[in-house]
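Letters A, B, C and D name the chains as they come in the text, with residue numbers starting at 1 for each one.
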Amino acid sequence: MSDPGQTRADYAYFQPMTTRWMDNDAYQHINNAVYYSFFDTVANNFLIEHGALDIGKSAVVGFIVASSCSYRKPIAYPAKLDAAFRVNRIGTSSVEYGVAVFEENVTEPAAFGTYTHVFVERESGKSVSIPEKIRSALELARVTG
Amino acid sequence: MSDPGQTRADYAYFQPMTTRWMDNDAYQHINNAVYYSFFDTVANNFLIEHGALDIGKSAVVGFIVASSCSYRKPIAYPAKLDAAFRVNRIGTSSVEYGVAVFEENVTEPAAFGTYTHVFVERESGKSVSIPEKIRSALELARVTG
Amino acid sequence: MSDPGQTRADYAYFQPMTTRWMDNDAYQHINNAVYYSFFDTVANNFLIEHGALDIGKSAVVGFIVASSCSYRKPIAYPAKLDAAFRVNRIGTSSVEYGVAVFEENVTEPAAFGTYTHVFVERESGKSVSIPEKIRSALELARVTG
Amino acid sequence: MSDPGQTRADYAYFQPMTTRWMDNDAYQHINNAVYYSFFDTVANNFLIEHGALDIGKSAVVGFIVASSCSYRKPIAYPAKLDAAFRVNRIGTSSVEYGVAVFEENVTEPAAFGTYTHVFVERESGKSVSIPEKIRSALELARVTG
């Protein structure tokens, strides 16, 4: 990917995220795993807000098959954050998101990465073509290079 | 409760629990909230092992309505722990558990507390009389004073 | 305690808290242990904002020795929450907080409980009289019945 | 990387990990972020056991600058897991680990990925050449293709 998401302008959707005392680990920074929790929260927030996901009822849901993160600057509770989201690529049954975490009022991300959802039938776990309602929502967050 | 669960002999069921790097918070001890994760894990482990809970299928499940913990001694990752479980009281639709965390090979608990489950229909969330299969499992862990 | 903290008016300090996808457990509600993470976050937020705690530097810090929670109504991600805080009792070296979680725009708490901090020297872990700077901050959140 | 760590034989070090009730998210599988918690636990377990890390005292510690995971098969609490670890590459101040999670008695990983530690002075956060004691420990887990 030629554009790794280095500024706020590279993203389509933002959500504020509050940090928690226990997010800081023994090195007094937010633990690396917690970033993925910000990432899947902003992705699901986007889907829910755009009518593409009902957590309890949707017959088709996104399962994560791959994720990655580059950590650029340590951050620590009680920081206030903005999680950022965009769609990098849409395939037949999968989509790659670009995700990032910014400190409030900071332009460069503290961390950024990717998430890949494969859409599956919730009951069977089998992959399916992305339903049109979800696809059209995802198109709204597509950022073209 | 006259017997607050001060030794291993006060409990009916034990499960080893591994700790995780991120369990330690900024003070380099296992965060207070993580103990409750040990507690509900040992309680659910007991129910699952005794045929009283199928996470995905049981029509009746336990919802937690109250919990408490007394912390006696700080512990830290990479400690190996034993979580302990017993039944304090069984009512019509609810049960109070006694729960504790011990460091491996240590007799006094690092922390101990209580958990109260109300059994509800999963779909409606309405409380029900404890089904016989669950009640008979719980009786196995009842510790009488 | 005659007043268990049943309305927003019972609390002295509030902080918005965002929820996360992974807060929901297999029953699709916010897991019981996560509430304690809201509780210690609002308590530490209060201390930090009032100059009573520097996470990395304070020589005297609060260790939790007891906690409890009553859960009144299940809540689920993506709910937006307000965590609430007050001081119930101040002793020589310890303080009991009243804490609660409210859904946005809801008057009754989804859950409420208590947290007891003992103040200790960070290095030795030995309890100390509550330093004057901390005590005067705590007095600001004391709610009298 | 030509060898993505597809079997237990690809790893040098294993640690059993217990799962927790709250690891399962609303889809009743272990949440994607939790895998990273297994990963940094097994990496730090290796360093601690080989005398390369004292969490509270080491002057040089590893900060994570990149991580990735491929998820192959959903797993769920109450699964018992083995976390696996190896060293992929050692540089001047950084090291890339290969990490994986296997279900007990299963040969193929449920998930596998990479973790990159940069070694820094704890106080300043500045990167340093990997100290000899740490480097010689890491060499023990190097798996050559």
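In this text, a contact is a pair of C-beta atoms (placed from the backbone, for glycine too) under 8 Å apart; a residue touches a chain by one contact, two chains touch by 3 or more.
Please read these numbers as outputs of a predicted model, since none were measured by experiment.
Using the contact definition given at the top, which chains are in touch with both subunit A and subunit D?
Where subunit A and subunit D share a partner, that partner set is B, C.
Answer with same or different: of all residue numbers used at the interface between subunit A and subunit B, are over half used by both copies?
Same: most residue numbers at the subunit A-subunit B interface appear in both copies.
Relative to subunit C, which chain's C-alpha centre is the most remote?
Greatest centre separation from subunit C goes to chain D.
Return the distance between the CA-based centres of subunit A and subunit B, expressed in whole Å.
Measuring from centre to centre gives 34 Å for this pair.
With centres defined as the mean C-alpha position, give me the subunit B-subunit C separation in Å.
23
Return the distance between the CA-based centres of subunit A and subunit C, expressed in whole Å.
Inter-chain centre distance comes to 29 Å.
Send over the residues of subunit B in touch with two or more other chains.
Those would be 21-22, 24, 26, 28, 31, 33-34, 37, 40, 55-56, 77.
Quick check: in the complex, which residue numbers of subunit C touch subunit B?
Spelled out, the residues of subunit C in touch with subunit B are 26-27, 29, 31-34, 36-37, 39-40, 55-56, 61, 63-71, 74, 122, 125.
In the complex of these two chains, what residues of subunit C are touching subunit A?
It comes out as residues 15-22, 24, 28, 37-38, 40-41, 44-45, 48, 55-56, 76-78.
Where on subunit A is subunit B touching in the complex?
Subunit A residues touching subunit B: 21-22, 24-26, 28, 31, 33-34, 77.
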